[in-house]
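Next, two complexes with subunit A in common: one pairs it with subunit B, the other with subunit C.
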Partner chain A sequence: MNTAKRDWKALLTRHEMLLLYVLIAEWLFFYFAGTTTNRRGVVVGFGTMDRQFDILRHSCEIGLLALALTPVIITAGIDLSVGSLLGLCAILFGQLWHDGGLPIPVAAGLTLALGALAGGLNATLITALRLPPLIVTLGTYSLFRGLAEAITRGSITYTGFPETFLFVGQERWLGLPTQAWIFFVVALAVWLLVHRTTFGRTFRTIGLAPEGARYAGLPVERRLALVYVLAGLIAAIAAIIYTARLGQAKADAGTGYELFAITAVVLGGTSIFGGTGSVHGTLLGVAAIAVLKNGLACLPVVMGMNAAEEMSGLLTGALLLLALTASVLPKILANFRSRPHAPAP
Partner chain B sequence: MPITLRALPCMSSPLLALSQLTKSFGGARALRGVNFELQAGEVHALLGENGAGKSTLIKIVTGAHQPDGGTITVAGQIVAGLTPAAAHALGIACIYQQPALFPDLTVAENIALRLEPGSALRRVDWPARRTRAHDLLARIGASIAPTAEVRTLSMPEQQLVEIACALGAGARIVIMDEPTASLTHKEQHLLYAVVRDLRAHGVGVIYISHRLEEIFMLADRVTVLRDGQSVGTHPVDGLTETALIRLMVGREMTQIYPPAESVPGETLLTVRDVGCAASGVKHVSFDVRAGEIFGLGGLVGAGRTELARVLFGLTPADSGEITLAGRRLTLRSPQEAIAHGIAYVPEDRRRHGVVLDLPIAHNVTMALHRHLFPTSWLRFGAERSLALEFIRDLAVKCAGPAAPVGSLSGGNQQKVSLARWLATKPRLLILDEPTQGVDVGAKGEIHRIIRRLAREGLAVILISSDLPEVLGMSDRIGVMAGGTLTAILPGHSDAPTVMAAALGSTEKGAA
Partner chain C sequence: MKKLLHVCAAGAVFLASLVTASAADAKLVVAMLPKSKGNAYFISCKAGADKAAKELGVQLLFDGPTDSNAAKQNEIVENWITLGVDVIAVAAENKEGISTALRKAQKQGIKVLTYDADAMTDARSFFVNQATPEGIGQGLMDEAARLTGGEGEFAMIVASLTAANQREWQKHVEARLKEKYPKMKLVAVRPCDDLKDKAQSEATAMLSANPKLKLIMAICSPGVPGAAEAVKQAGQTGKVKVMGLGLPNENRRYVKEGVTDSIILWNTGDLGYLTIYAGVALAKDELKQGAKTLKAGSLGTFSIVGDNILLGKPFIFNKANIDQFDF
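This part shows the complex of A and B:
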């Protein structure tokens, strides 16, 4: 128990704490600068509960992809295909329900299985053929999106989903946006997997020393396969939530989401070289990006410029680079201090 | 800078003098007052357990680190704020265990990179480059073509190129850090000749090695470091091995190898005509009994590690039979080997034996996930107490089970690597170079642990390039050459017999 306690402390005093401060500062800034009262005397902008729920609702899909990518990146891998897979799964789900005539729960279940299967394709290419994850998932990134486009011939959009299904994406349950509950359950599951089981321990070992893991008798290939299959499964969950939020399934769903998700994971302190990282860090990273994006849209200045999207991209990039710099700064400073003061003779 | 051609008498001002050097890293005091003196034309051995401060001392002399206190005097002049470039200009060169050459460039190009001025815009005089490389290599008696790509050279040949670079740069002080660690017997003798040649040319050589016999063979004087302090400089003549070991560890060690006391029991492992085409192992047959230490001798590259990898399922055998306690095994993966009670402590500790960035506790339980965590849920309490048990049992010097293995000295890292496999309660333990790069104190401890394990009934296969170790520890000795077992000798064999079998010069199969 002692080790567990110390693990907690060590984790919280590092990168994650810094990120939490940034998140609080961001939130306070937008709360004071982004909340206004309109002509009718109603409070609008960042400081309203509605807006906060909106942020949560819009974070779920990218948040899920970030959760999917955290174990992958901890093993020193990468999965660029999750955004495209979200699109493909959305289309498959729409097709199963609309064209296949299946009830929503059955269609959803099948979609999850297909997502895991697509993750299995990545897993097979990476573990059985020993191809680099970056190249494999760059390939499936195009493949999955291409399949989605081909199925819909670029024009079909599935709409007209029943109210009960849209409840998942557009309503609240027990006070919170419904999909937030799904997101929390997945987050908890991934957190437990990474931080409390031998699986997470093995991911970390593979990320640090793949050969060392093999010599220790750890099932390297099977664990690597698991993280990619899991990524596919979670991308499928994200696809269903996405469809429920927008009420339609289109082939371009989730375009570019993989990059936001990777940004959130790295911002959350997971090393792109593998071995170190945490799920709670990823959650903070997702929150920091979501608050920034939504908060900017609430600033009167930005609203006037009609450029919230561009601004948020710029600031997200700046935030990522700052966080990375801050994480290596202590090391650089320590090196600098130990350098000689006296110049060469 | 020309080399001083005559050895100077010992009374003149020394080539290098270090006085009361201190250095701390954070709170750890690596050096606590080191005095050291190197004369021209002297081979001065530097000895000490891992963590005694040898590496720090080298880094200070080569300008990589700055001392906190004390003075460095080179040829009578006090040097302050030594940088790597300044050390180079003063004629200080260091030959590391792993040569730092560019593998895709030729020997001549590598030498030129070190010696020619660094201006980008100049004509390259290729013939001069080759001539110089040829001359420098000839001077140390190396028959290496200047036009050969470094990639194609063996490790000792690359070391010779490094030495040629040092000579070309007019080095007066050459530091050699365990230069023979990865060399075969023949190559070692080539290197000894070069060291003697350097000495004859008036170069001061600081020679670091864990192999005591080398020090007695090569060195004029020896300085012993212990806990960051120099505990004395002695002429090698008149020193005994025991006296030297006592200086290093600061305590009396009655004998280097603990006596054999176990009585081997029933045959546990039977290997019959085993081969693995992929790794070059062929027609290997031998038995190991429970409680027996079976030494595996031979030259580097004889196929001993390859055989171990076959027995551990890393490169499965494609012919022959492996039987363990009466059951015929097909070992296709380390998981299967572990399940049958086979454990393998690999040769490359830092890459395969431990994960440096992970805590001791994680490393110790790594091969034990299925048994310690049968539900896959981590049990931190159980893990911690198991790690503590092994830290106590094997006397691992560390801050606690949560300390990363990378923070430990080599010997203690090796103990963690060993602990990982002892935790699996194996029946057959394969140790691959268990004391390589480990200081004398820890080496003795590891030997006693191996003996104790044999006494407890473990079958042990001990692979070692340290011949005295194989002779001192083994109940029987298998000798390998060219991927196959050439002889099985009794444990009380002498070194020449084993070496002869390893070289393949003795009548085959003599037991």
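This part shows the complex of A and C:
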């Protein structure tokens, strides 16, 4: 047991270190290939501070969703509804402020509560009815987006937010984009929860063996409920940041974000089957994808082809598959070496 | 571990030097943002833009979301800001959302203009306006009158009874009707929810309810082929004319079969072409606030009203010319 545990740990560390190298290599590559001097003699492209801040700013919402999904996936669950919930929360926030006439902080507070409530709906269906998370959240994925579209009839867009609110999404505070601070606080909170509390340790136990955890007397349902409620709450935070960044709340906010977030989590080394994973891995995964996406758009070759969007999708996919292969390869090789005649698992 | 890191770094730098070797020279860079990149409408805009960029010797960046996504539009604009392009031309998916990014671009000294769909007026210098509602309404009504000889009953299919642009166009069609064609009568206006099937069933109902109907005018793009299919199936081809706003490709078959007589739209290639000329003129300080005209290469001179550069009269696609267009 003890050696097995150590092996897992070694594998994990190795995966995250690998990802860190990839991130550094990516960054250096784009720094040298994506930075130029333009006609007016100004240094432009990837190697500017503005660009670095943009990367940070663009990755906050998907980063938050990835943070929300890390504990969920560690418990061997999944939450496909976070992107849709982001859209719904953005709409609700806009409505509370614009139509409800509430001050921004109150509207934001209520939105967070509603996000947690929506997460609670997932939690109830998953824990009380014992329905598979994939099916439940596939349902709420459509339900939340559908609600957002129904409320706005697909056409209302809330805009005209006050400057003080837009500050959160568009300006800098203490040298960094304002929303980055929120992101860091949430990241720290989730990291502490997953890695430094007994609570967090039970997530992994539940992910590895839910029945075992139940027999060991762990309140499996309560813990599971917590991760889904937390996911809803974080999706609501992401919704408010999204609204502040764009200055608008529309029903299509966050479409497809859940898939980027899941990609980041898995790239970060969290097993999709649950049981293992780390918050810092997720953060590296988010960064690797964000740097890739933003860096590509700075490459003259890619700009010449006018294909930054397509290239980033293609390479994100390739990166994920490579990382997954790299993470299982040592295990397969080790197995192969120790038992040359046995089939690989 | 350290060794691996060094290898990674060296590899990255090496690759980077390969890529930079092919970097573009110092041309004026114009970045053009469509609502969505795969849309045939914008692809045809790009064809015109490419032509203009070639004539003017500027580099054209053409990138946009693969789906109509306001957030992605903002990210692309922010990317172009840090790339330090000279001109950004945008077809706004969402007016207010994109404007925050465009204002940021303006602050950095980048010239901003919009085409196809405008942003907030303070976030750009000029809007290349492909068609005023008045121009569209009049063009539609004049063509309808030409097809029917200026008399008889006609009906309209609209996308919805509430959409702002549809209401606006309908208003101008009706105004033109009242003003110039007293012998024509609008007998029905029905919504098709931007669906071809719905347009077809609405048109079928119109045909049976109004036996004297001479023409169906559809002012949303799925409406025209929908109405054409209904007329064709009712065996009324030629007797009841079909026309409206739409894209040539969606209607090509019916135009060739003689079911649909005219498709009205602006020439999207010209829209892209004019946008690039306007952008470059802005960057070279040849186009300033208050200008009354703009010369755009082989297309000649365009008039400017306020801060709108007008593409001019709508274009009529019919049997004779439809094969010259592919979008």
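We take it that the second predicted complex is superposed on the first by the 325 of 345 C-alpha atoms of A that agree within 3 Å, B and C clash if a C-alpha of one lies under 4 Å from a C-alpha of the other, contacts with A are read in each partner's own complex, and residues count from 1 in each chain.
We take it that a contact is a pair of C-beta atoms (placed from the backbone, for glycine too) under 8 Å apart; a residue touches a chain by one contact, two chains touch by 3 or more.
Small disclaimer: the values here were computed from a predicted structure and weren't measured.
Which of the two partners, first being subunit B and second being subunit C, lies in contact with A:201: first, second, both, or neither?
first
Which holds for A:25: it touches subunit B only (first), subunit C only (second), both, or neither?
second
Give one of first, second, both or neither to describe whether A:214 is in contact with subunit B, with subunit C, with both, or with none.
first
According to the stated criteria, A:300 is in contact with first (subunit B), second (subunit C), both, or neither; which is it?
second
Figure out whether A:275 sits in contact with subunit B (first) or subunit C (second), or with both, or with neither.
first
Does subunit A have more residues touched by subunit B or by subunit C?
The larger set of subunit A residues in touch belongs to C.
Do any residues of subunit A touch both subunit B and subunit C, and if so, which are they?
none
If we count contacts the way the header does, which residues on subunit A are in touch with subunit B in the complex?
1-4, 6-7, 196-199, 201-202, 204-205, 208-209, 211-219, 275-276, 338-340, 342-345
What part of subunit B is in contact with subunit A in the complex they form?
On the subunit B side, the touching residues are 25, 66, 79-83, 85-86, 314, 333-335, 337-338, 344, 346, 351-358, 361-362, 366-367, 369, 373, 376-378, 380-381, 383-384, 401-402, 420.
Across the complex, what residues on subunit C touch subunit A?
On the subunit C side, the touching residues are 1, 4-5, 8-9, 11-13, 15-17, 19-20, 22-24, 26-29, 37, 61-67, 69-72, 74-76, 78-79, 81-84, 86, 94-97, 99-100.
Which positions of subunit A touch subunit C when the two form their complex?
Checking each residue of subunit A against subunit C gives 17, 21-22, 24-26, 28-33, 36, 38-40, 42, 44-46, 48, 50-51, 54, 57-58, 157, 159-160, 166, 170, 242, 245-248, 250, 252-255, 294, 297-301, 303-304, 306-310.
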